[in-house]
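One chain, chain A, links the two complexes that follow: it is found with chain B in the first and with chain C in the second.
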Partner chain A sequence: MSTSAITPVPFGRRIKRFMADRPLVPLIILLVILVVILQILRPGIVNERWIANTIKFAIPLAILAGCQTMTMLTGGIDLSVGTVATMSAFIMATQIVNQDPAIAFLLAMMPAVLIGLVNGIGVGVFRVHPLIMTLGTSLIGTGCLQVYQRTVIASGAKIPDFLAWLGTGVTPIVGFAFPNALLLFVPLAALIVFTLARTGFGRLLYAVGDNERATRLSGVQYWQVITALYVTSSVLAGITGLLYIGLIKAPSLSLAEPLVLPSVAAAVIGGTSIFGGRGGYTGTIIGALILTVLTTLLTILQMPEGARRILFGLIVLFVTAAYLRIVEER
Partner chain B sequence: MSHFLRRQGWVVGLFALLIVLFIATRIIQPGYGSGDFGSLARAVLPYAFAVAAQTVVVIAGGIDLSVAAMMALTSVTAASMMAGASEEYALFVVPFVLAMGFVLGALNGLLIVVTRVPDIVVTLAMLFVLQGAALLVLDAPGGGAAEWLKALISGTVPIPGLPDAVDAWLPKALLVLIVCLCVIWIPLRRSRLGLSIYAIGSSELAAFRSGVPVKRTRIIAYALSGLFAAFGGLALTMSTGIGAPIPGPYLLASVAAVVLGGVALGGGKGGLLGPIVAVFVLRLVRTDLTLLAIDPNVTAIIEGLIMVAVVMFGAFITMRGRQ
Partner chain C sequence: MTTSAQQQSPLLDATGVAKNYGAVAALRNASLSVLPGEVHALMGANGAGKSTLVKILTGAIQANAGRILIRGEARDIRSPAAGRRAGLLPVYQEPSLIPDLDVLSNLRLTGTPVEPFRAWVRELGIADLDLRDTARDIPLAVLRVLDLARALAVEPDVLLLDEMTAALPANLAEKVLEVVRRQGDAGRAVIFISHRFVEISALCDRATVLRDGETVGVVDIVPGVEEKIVELMLGTRIVKTHVAARSAAEKAVSAPARPRIAVKDLRVGTKLNDVSFDLRDGEVAGVVALEGQGQDELFAALAGSIRPSGGTIEVDGNQAKFAHPIDAIRAGIAYVPGDRSEALAMQRSVRENIALPFSAALRNWGPINMRKERDTVLGAIKRLQIDTRAQGEVQRLSGGNQQKVTIARWIAADARTILCFDPTRGIDVGTKQEIYKLLRELAGHGKSVLFYTSELEEVQRVCDRVIVIFGGRLVDIFPVEEADEPALMRAAYGLPRGAKADVGILAAPNASEPGATP
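Moving on to the complex of A and B:
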């Protein structure tokens, strides 16, 4: 019959193809599903305040996940972001006591630039595996921070008002409370997305991750790209630390450490390949939101801490596997 | 001889470094004797097993971020099972915990093979899962260990016919380490399976085309890693007498020692001896720095610097060799 010749593609297949073409769609659907589950479990929890809070806690994670996204695009990873963020936060909180804010800021960003530079030279010039290099520098950084802590123990610490305002404050605009942290995050995210998609540096990152040899043969100075990348990543981590101290308001020597592994998970859930060459920042942002909502969900279920961690791990694994399936079905 | 040196150059260099460190220790602390060596061996034990666990997987071209969490889980399981139980019951606990490590390790490998998610991500997720499981078993440090297990790693081995002065330099912990590693590693290295592990680490595609069952080999490599991690967990329980659900610093230390031991992170190169010697080197450096009365925090900085410097040096040498 003639009708058989124009049989439409089955509905399920069409949906799959649609999702594979737009990898962000399944992620957003997952995020919405999680929010709906939350609303069903605790009716009324999803309100303006909750949304503002979720965004506030997702932003530091999203910026750190941005560091991971950019380094992963070149086939690397940056595990020193937690230490760098902690260092800049701690130095800021202790130096602000008897220094000018601008000088305290510069002092706080100094270790970030330094660690980024060492990471970049180690990975780019000496060709050390990024995992080892960044683990090593984070070990050194933690040690330095502990020594530094001894010298400032007498002077105490305080959180600058501006950072507290940026980290926790909200500004009501047309009846909706916008977290002030968005003031920092929106331009930053736009800059990262723009850099990755539209500038030569972004293209170089994808190129290096996709085929390093070919990139090098085309005349790209590999070590310059990598050094610039790791310094950028470290500076972003330092800024995150300043934001995070405004949110948590309690300087400690392991402030941002718990964010490191989730930041890797957020980038992976967001569809960035850990082997390089594929991915983007928009997916990562949604990945960070998903992880933050998931944490709230698991907290609300009032499970013991152990069961919560188990579920967190399993869900990260499941989402990544499912996502890879969908995207690779082309 | 030159062939041997070229192949084993890195390990020989490490041994030389270790001897230099021992001499340095004797100079710093003239009283450093067999007793101190025994406590060094006991301290090294859990680290050495963690490193062995990491080495197998790295040779197979992967990485296992869940090593420390696996050790925590096996340690608390052993400690909570042995708490208040009879001495004989521990005879059942030990094989049970080892089997648990083996199965959980195999699960790691299975997930990597089935889901095709990168190994870093799978073992990262498993890190959370195993940590959570450890917290469910024991939510605070506790439990107990059988006396004979604790005795297994304390003291020295008396060998008939040797003077006591020599005996004293052979702590039981060192012997336990050597026996456990050799019993598993030497037959493995000589078997077809061991060759397959090196093959998939060297080039997965080439191994597949030569008829190596890549997936099965990968799962077994992770299972062996789990087994070694379970040994490490038991060693923790044996040396402390309790189990702690929070993982120690073993992940970072294991990766550092693997690299320092001359195992390429890309896979397919290196052996077990290098990383084990590297663990001794790293621990002895820490002992020396403590003996020199250096602030423990500065010690952490120096350790990190050594690690980074050695890795950079190693990478530099390979780069020169390739050109």
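Moving on to the complex of A and C:
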């Protein structure tokens, strides 16, 4: 409907409506505000190097948040992404020592596919709640990794050069240092956005999350969609693990674990409904950037760890609540 | 009553009520004034704003503008609880009992006194209700009656009934009307939303007519007022096109050797027993049954939603086994459920909802050909004349337009057989006409339609043949020429055709009830 048919509305209401129609705008504004605050608190911190670093750290979070976005669209969640990422990273770092890189890669991705398959069948066929299902497989995965660790203790670990290049390296293009991780992330993000908006699979994710019964009556087989979804999510998590080990460079048994809950938070801040049927990946990417900048901000405030976490939690709650108010005001 | 009512001050007086959803104005300038002791009809075509007004009055949503006086005092009803305290109680189109709780817990939840509730339930014609039954297991029609009983039990000053009789079989509807009438006599007021003129003229004192979110008239219900109300509802565009009588040529099409679907001895649990019939290409077969006679199970089995426990379904002469709706869809059988919320992804767009079946199969999970999809969807939207002003989210469409979307999906998918379960429930006259016409057109193009309706008068407008189900058994099949309302009513009650005994359902509400009510 054209806006011309409407009598003039107060400026505040107009802004609200504008933001409700373009849910990305308030998120970008928030991101800019955070960066400005950072610059005021620590003049000169926002430079080329800082930007490249922020992007580098935001990318693994953004990919994992992509897993959450897609599963949340169906009304699910994938808590096993942290374990899957850790497993693939750890296996890669230990197998590369005396295996061909390609073989090491395949070995590293195996648990990802397996856990995704188990998640998918558990949720899609046996109707286990995604929270429980992925938590369960996550614990099992962690246990397996501990057992595996003992078998490779003698051989040690190393970070493949390619992953270090991808994770930490930058390439100067027209005078600006572009993080190499963007080479992986940009096509991946484009693929996710395209999948959600323009493919049959993407449509089904939204539709299943909105009304599963309706999709069934339209001939959609739930278990197929859900299985494909959780395998995809796990594979993405596995790839994130490889990228992350290149960034952190220290394989451990809880490498990507701290990213799990922020990945959920990034998706929620980005406007994806945890109840399914609503959301998208572009918002999630900005959500991941916001969380990364926020972490830097809280770090330079030099507060005790406890206070920092409390503040982080409060801000996440506040931002999400405020954002939902703006966007759902229609 | 109407004469003395003129001097009384209104129980409820709402003026200038407006409500916008983003750019769409659901209500612009609605007013409604209800006097003590009257049954007041609220009327309007699809999307005129009836439901929105009711929701505002009961506090379910907030108005953007307007003034509401209750017993002369300005009240700001900010929540359903506040509405309750003010003495306003709604019964909405969708059942409101919590499905996972039993009836008793549902009553406790709203602080409804149990004994009055029980008394009302009996009064409303349900003799054997067990309060320990889980709401989920209770049939839709009974749930709606329970909703009404729950509202009556707290003795509200103003009762708002939204399409109360829409999903009810004739026997329950009759009881409901009787009870509603007595509410008015007791000095309380009832706001009654309905599309059925028969009920309104039998029940109501006055009617407020809404059009496009505005109150366009308040009329006294006197004989012959229907024309005026229709005029008010439709504004300038007066539509009174009856479905064209089926021509002989059209009928000649439907004489194929092999039936499209042959159902033999179909059995579903205890609900449906040994049902056999054929559905032919190019025909609309009507299913007539009182509520809960097994028609739900029949449709679900044909749609592949549930597995029959016995009997066979043949499609084009080949025996079919449906394990999932996709199997039925592959055989060209599409199911339009009676409950729109079962069929639609409410937060998604009209386009995505219509195109949903296209993406269902694994091989169609890839990139969508957007141009082709748009053309197909637009074709279906145009064919059904769906109002696409609020197409971004299906939940913002009016009920009639939502129903059109559920049908458009299968027009776009070009299904050969459509199973329509009460598609005209609770939608306005104009849209109903369009649906009748569409179903006839489909039959004209050689498609087949199985059509269950709870409104008997629709049978003659749409169907070629009538299949009557009673108590889970197929009791009669007869051509539409013999299917006038009395005949259908008799058949639906399981009485043999041709017998002369007077059923008297519509004629005399107080006449003795047939013994065989479900």
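General remarks:
As a convention for this text, the second predicted complex is superposed on the first by the 323 of 330 C-alpha atoms of A that agree within 3 Å, B and C clash if a C-alpha of one lies under 4 Å from a C-alpha of the other, contacts with A are read in each partner's own complex, and residues count from 1 in each chain.
Note that in this section a residue touches a chain if its C-beta (ideal position, glycine included) is under 8 Å from a C-beta of that chain, and two chains touch if they have at least 3 such contacts.
Source: prediction; values computed, not measured.
In the overlay built on the shared chain, the residue A:V32 is in contact with neither chain B nor chain C. Of the two partner chains placed by the overlay, only chain B lies in contact with A:A321; chain C stays clear of it. After overlaying the two complexes on the shared chain, residue contacts for A:L139 are found with chain B alone; chain C is out of touch. Look at A:F312: by the touch rule set out above, it reaches chain B but stays clear of chain C. Greater residue coverage of chain A by touch, when chain B is weighed against chain C, goes to B. Of the two partner chains, chain C is the only one that A:A207 touches; chain B does not reach it. Across the complex, chain A is touched by residues 21-24, 303, 305, 324-326, 329-330, 335, 337, 341-348, 352, 355-362, 364-368, 370, 389, 409 of chain C. Residue ranges of chain B in contact with chain A, taken from their complex: 63, 111, 115-118, 120-122, 124-129, 131-137, 139, 245, 252, 255-256, 259, 265, 295, 297-305, 307-308, 311-312, 315-316, 319. Residues of chain A touching chain C in their complex: 1, 3, 5-6, 17, 20, 194, 198-201, 203-204, 206-207, 210-211, 213-221, 224, 228, 277-278, 330.
Partner chain B is touched in their complex by these residues of chain A: 77, 118, 122, 126-129, 131-133, 135-137, 139-140, 142-144, 146-147, 150, 261, 264-265, 268, 273-275, 304-314, 316-317, 320-321, 324.
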